[in-house]
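What follows is a pair of complexes built around chain A, which joins chain B in one and chain C in the other.
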Partner chain A sequence: MAGSILGNRVLRKEDPKFLTTGGVYVDDLLTEPALVGALHVTYVRSSVAHGIITSIDTSDAKSMPGIVAVLTGKDLGLEPVPSAYNPAATRTLLATDKVRFVGEPIVAIVSNTREQGEDAIDAVIIDYDVLPALIDLEEAMASTTLLYDACGSNVVFDSMVLGLPDNTGDAYFADCEVVVKGRYLNQRVAPCPLEVRGAAAAWGKDGRLTEWLSTQHAQGAVAPLAAANGVEESMVHVKTPDVGGGFGAKIGAYPEELLLGVIAKRVGKAVRWRETRSESMVGLGHGRAQLQYVTIGGKRDGTVTHYQLWAIQDSGGWVDMGTILAPFMTRPMSSGVYAIPNIECRTTSVVTNTTPTVAYRGAGRPEATAAIERAMDMFALEIGMDAVEVRRKNLIPKFLTPHTTVVGQTYDVGDYETSLDKALVAADYKGWRAKQKAARDSGATKQIGIGVSVYVEITGGVGNGESAKVEVLDNGHALIYTGTSPHGQGHATSWAMLANEQTGIPIENIELVWGDTDLVPIGTGTMGSRSLQQGGNAVFAVAAELVNKAKSVAARLLEASEEDIVLDKDSASFHVAGTPAVAKTWAELAVAEKQAGGLVHSDVINVSGATFPFGAHVAIVEVDVETGKVTHIAHTACDDAGKVLNPMLLEGQIHGGVAQGVAQALLEEVSYDSDGNPITSNLADYAFISAAELPSVTVVHMETPTPVNLIGAKGIGESGTIGSTPSVQSAVIDAVSQFGVKHIDMPTTAEKVWAAIQSAR
Partner chain B sequence: MKVTITVNGKTHENDVEPRTLLVQYVRETLGLTGTNIGCDTSSCGACSLHLNGESVKSCTVLAVQADGGTVTTIEGLAKDGVMHPMQQAFMDNHGLQCGFCTPGMVMAAIGLLNENPSPTEEQVRIGLEGNLCRCTGYHNIVKSVLACADNK
Partner chain C sequence: MIPAPFDYKRASSAAEAISLVSEYGEDAKFLAGGHSLLPLMKLRLAQPAVLIDIARIEDLSYIRDAGNHIAIGALTRHMDVEKSPILAEHVPLLSFAASHVGDPQVRHRGTIGGSIAHADSASDLPATTLALGATYVVQGPNGTREIAAADFYKGFLESALAPDEMLTEIRVPKMNGATWGFQKFNRRAQDWAIVGVAAWKRGTESGVGLVNMGSVPVLATSVAKAIAGGASIGDAAKLAGAEAEPQSDLNASAQYRVHLAEVLVRRALESTSK
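Right after this comes the complex of A and B.
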């Protein structure tokens, strides 16, 4: 008997295709019959950050070569649509009266070729009455110039509207021996999936709309597509080709995508759209963008007794998902891994004349972690205690039954100190402290910085479960239908491993179906590190039920009692206990069951809650104190994601997550000039992290299974990002703290580090 | 303009607009969509392929510049159903996730080892600086390339 496949480094089934012919992304659908001869859509975007549209002249553009139509919001009869998060905020999918960020779509050009559409952009003349651009968050909060007049304020969501209390200010810390304050900017970053947004739309003879969409959640796009196209949801079919990364920014459907059906109907032909990278940098949602006022207080012995956070979230120019991440993700995780008896956390979300913010890898939890970890470091510095020891003193002790923090969040299981110890040992923390001391003593140009973070996050918080269907075909092969939506995570392999564990069907004979709303009508997609613990869990449970069903068929064929039937997973066949020579294969059972509807089982499997992965990261940096240049020389990550299905995929998620987290700490920032013009609007200007700026990552394994789902798994997609950012930022500051530097906002570029040294010296 | 270009061992004659980029030519004219477009500033390297034996970013080459030349794309690497060692190394080392940067990354990696068959890890990292990946954190890409090096 071979052992379980679970927990093994199984290579990915999906790789040969990606490596030999490449994936089939939405822009690769050249031979799709419904899209042959499709016209191209190009959007004309706002060139001003804030303004009233006074006129749109499309006449010159209409006469250019290959132009089929040039359509404004008025031409299309677009009505205002309310935000899901604050219905007082409304907009039309193409701006008709007011523009609120550079890049907001205003006009749709339809052309025979993509190049003809691009050529016509400059021929569309749009006049604006320019309004003051509100780029600075606090300025926007105080301004009487409003982005959405009906909201009555640029504050579009506040945790106080949920009935939560306001922060009480300095009085809260009256009994503390030590109080430290900070103002941290968790800067705006761009998700930058390598594949930009793209979609295509075609109306069938049956009156149904088919939309091909580069998305993380096809099922979630059905309702907005139906609404935008004025049809019932049953008349919308979303198909997901291969998706070249999402990172949260492809969860929701965007105006450019929602309008394609409307445009296709108008011109009477199928249409395609694929943005350029420069468009993507202003049109695809951004992440983070949170300003934090932090106060931490406690005793000189290192005990933290009070913590207060005011998180001001930049929503950008539309009230999108970014608006609610602060109250619903940052706030619940504000206690981090610490047993702090008194916590206040208020969140305020504000619209500004910038690209709207959405979920981005971590989505609200990196912000919570960065705030508390930075506060712990500043507290440690203030009392002259090692930052690791301050953390250790305040960690929530190991718990294997649920623990509720003072902000009311219940964590499933946790063993934070062990993860910290493992990371410290693997990183040689003591050795690096000795090297740091030697460098300091010698006054070397290159100084060592060491940063440690301990974190807990929330995964699988989206959706209460997931759908799965497992079907065995006449040839004994299996099809799995899942409501998750892989775009790099390897579900084709992982879900096949889970089904193999139950059925014995070899993974090479198991194929995955996802992202097609006709074939998989129920699904919550892939986001919030939910896929394995909800979608994989559902496959595992449904495959087990299918085995039970197969046993009843085998019992009938073998004229035996169902309880006596056993599944031999090595041969993937069923027999009566004690007589393995007479067996029925999956193929034989599938054929036998064909008349009765086939050998198939589907269900929606609920889980009892979110899980709370945790871990510790240790970052080592070298800082050139004469130039401020930071080199990240080593990184150790101990991330506990519960039971591990495939360690190779787990490590891949950690590596990628770490890189994005390091990118925020060291390099990446979306910036605007004071008029709201983006100055990082392509990959030449935006500091997208490359291989040359990263070290290899030391991954330390730790498994504390969760009781929340059958397979004991927690999420791992975002942990690396959440844990790495504060550790790297802390390491940079640690390297120069000897000069009196207490804080440097991210990204810790050479310029900022150098300036911090100069002003402290 | 008329161009004659040999792509993956097959010679093609096509009329192209002068402004057609080599990447548009292989993708749209020849239908070889393995080569991807990830940016518009020659920053990401998703469009990397081999022109006359050298790794180039095909968004910075006009199709007419490749006239008379020989091109290899990701589709032309495997022989008789057997993957090129670099393709196999990416599979064995989990050097890809979403797959979008992968064709360009593999072509650039082969180009890198052609120039320096025994690189250090640092040389691989610097050598791949012009090829961006958002999923893997480069860790397993670097590992894949080193697995193919002469000094492994």
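Right after this comes the complex of A and C.
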């Protein structure tokens, strides 16, 4: 037979549609019978960052053309809902008494057309008693003005409540020859999926709610939707149309989405909602937003012996998922790729009057990597040693059985030094150092900077398995039902490759079903780079079981014993060993099995743990020292994601990840004025990166399979954002370290670089 | 991101456009390429009751050699300014600057007249035509008049145009072999300039326009004076901020803008841009 399809650059099955007729997103569901004639919902949002609502006057808005209803939280009888991460913090889904960030929804307008809803926004008059806006994290931490009075503090989560110790301060470093301290801001960024949020809701005659949702996790939305609508979970059906990106921010369901069923019930009609980009920039969760106090200590020979991190996580105006990323993602990864014998890491999560933070591509691991990598650079600079050599000296040696760091995190497999070496060779590290020296010697305006990062991260940390169902139809085509939720990743292609590998059914005859909670009731969605290692793994295992089932059917039809039946994958048919001329196709078997419930198998396949992809990135930048302008001129990424299923999809994930990671290092930052007004609420002001700011990425292949799943795969979805950011930041600082610059916070904008040179000189 | 309701009228000649705007008065706005006006309308920062679409007035889209100057119709798209052989020969600074406006989509829609009439100090073509000593021709209910670029810009998004006047032509003197430079400093390739500089020099004669260095496009007359008086480019460039009153904003502090202007003016005068 032809060789295995696995490991090949199979073109995406999805692309013909996306490149011709385009995706069908929530807003495109125009012919969906249940949504024909649906009314439009528009939310009126808080224009103040922190305040008490004193009055809401909806009377003028109600009399505007096309307005069906104007509803406040009181009108809808909304009750406070506790946060899953700190139940003392509660809010109503539409703010009724206090508002905590600009953009928080307060009133729902229901109109015949969307434009009418937009026109009515200004007619809703909301008065506030304005409270001091807490935007700065440390100010919020110390303030007696509280966002959530019942929490007793703006600190809403601290690693110490988990029974973990506090950091011991400077005393920890008493035995160190060298101690270096840093304060790094891992700035707030906006995920900016191309498709903003959108949803639609309709109640059926059977009393069930159907909600169409642009989400990464339909099954996860069922319970919150049931709670918000006051029905049993069995009465909620979530459907996922095409989703134009999520990057973590579409994992959880938002108030605007949870309320649609409530509103639909109130007005007696289906409703739809689609936010604008300006709304999305304040309403969709933000990412990162971590302030880090770092101390690193060790010997003059380059050995790092002590590391202490205090990560202060900005939760924003609600205690959402961002709150727990510092303790549960940053802290476990604080050791990075290094064998540091003494580590302390405390995390403190603080609410502020800003958009709530959620998971964003990397979600806590980029922050951990940035902190340790920056600290390594500063340590190297202090002792006058090459930053690569300092890293090499402290790397955890290659391990193929689990390794546990001093913070208690167990990594599956690792070979960090090889990834570092491969990246350095591919990037021509030595050559660039020579060019850098020449530029320095000549005092040229354009100076070269070289940054290296070595990282390890957690993938598949969410969920411990996934559901899969494979069904062969009468025509021999197959349907795969998966609990993952593709929104750009290419699961239709990858899952078909995995099923093809087991069944021989051509990938063009395999269709993927996902994101429909009636068809796929069990699923953990797509997040945390889990999909292939859990969802793909499940498809692989279930398809293998289905082949066994098919063999027993074939044995019956061919009157042979099951052990003698072989599957010829080239022809996708079964025969008795030795007599290939008499064969049964998948179609024949499916037809034969019809009465007995069809040729179908489904299961939930568990994996034995998370995986820990690793790698090394080398960034080269050019810095115009007269203006501070940074140009990213070359980037090399060696990312080890274990067994590679489709190198083209892998490279796509790396390219996209690198782009977002570089964006954080160089350009992007969500900003507020001192009153808490967002000043980056559109894509002209928010410096969303474009292709013109990026070099071509050199991808270096490395494959260290993991033992924790059948296919040996680890995640690749987030590696690019984890490895690239510190390397680029480091390269910028390296370019100007000759002037005495030791650190520049991200994003390393031209003015910051220029100012750093001025103050160092 | 959804504009307020408005009426739409299409004019097929300048005369018709002017009569329409006279009819609807202050509530009416001309719509050319729409690439400055529509974003403002989507953010509801502009809410005109009537849009008078002038984009299809064919006879206002041209680039002609008129002897001492090049005459450019107000509705000429940025892309046509960028690609014009006549401008490449006689006013290369202007085509080069036009090639730096936004991205190709923007340049295919936006017009030179719209850019100038909008009078945004952050736009590239107002400062460039100012540096080149251009004259703008405007037409109103009582005929046409000419306004020197140096007299045109009155304040933030404010010009000498009366509400019932239309900009019809931009007259740009030929550069006659001057060396020139255009420097645009921005965060991303497609962004507006944080600071931009359009400059030319012919012997001791020169013109320097600054983008985004105040509420109006700035003519850096001190630099030109210094060069006329025999100063070196390096010394003259240090005066780049003399006429400017830059703002501090999200992208840059005023102090940094002045520094950038000095560096960019020097670079623009030192060598012809490529």
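We take it that the second predicted complex is superposed on the first by the 761 of 761 C-alpha atoms of A that agree within 3 Å, B and C clash if a C-alpha of one lies under 4 Å from a C-alpha of the other, contacts with A are read in each partner's own complex, and residues count from 1 in each chain.
Assume contacts are C-beta pairs under 8 Å (C-beta built on N, C-alpha and C of every residue); 3 or more make two chains touch, one makes a residue touch a chain.
The structure displayed is predicted, hence computed values, not measured ones.
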Partner chain(s) touched by A:S671 [first = chain B, second = chain C, both, neither]: second
Partner chain in contact with A:T627 - chain B first, chain C second, else both or neither: second
Which superposed partner A:A692 touches (first chain B, second chain C, both, neither): both
Touching partner for A:Y25 - first (chain B), second (chain C), both, neither: first
Which of chain B and chain C A:R277 touches, first, second, both or neither: both
Which of chain B and chain C A:G656 touches, first, second, both or neither: first
Which of chain B and chain C A:S234 touches, first, second, both or neither: neither
Partner chain(s) touched by A:F247 [first = chain B, second = chain C, both, neither]: first
Partner chain(s) touched by A:A755 [first = chain B, second = chain C, both, neither]: second
Partner with the higher number of touched chain A residues, chain C or chain B: B
On chain A, the residue positions that both chain B and chain C contact, one per complex: 115, 276-278, 682, 684, 690, 692
Contact set on chain C toward chain A in their complex: 1-2, 4-5, 39, 43, 185, 187-192, 194, 250-253, 256, 259-260, 263-264
Contacting residues of chain A [partner chain C, same complex]: 114-115, 118-119, 276-279, 626-627, 629, 667, 671, 679-680, 682, 684-685, 687, 689-690, 692-693, 749-751, 754-755
Residues on chain A engaged by chain B in the complex (per definition of touch): 11-12, 14-16, 18-25, 27-28, 30-31, 115, 191-196, 242-245, 247, 276-278, 487-490, 648-649, 651-652, 655-660, 682-684, 688, 690-692, 694, 696-697, 720
Footprint of chain A on chain B - complex, ascending: 17, 19, 27-28, 31, 33-44, 46, 74-75, 77-78, 83, 87, 90-92, 94, 96-103, 106, 121, 124-126, 128-143
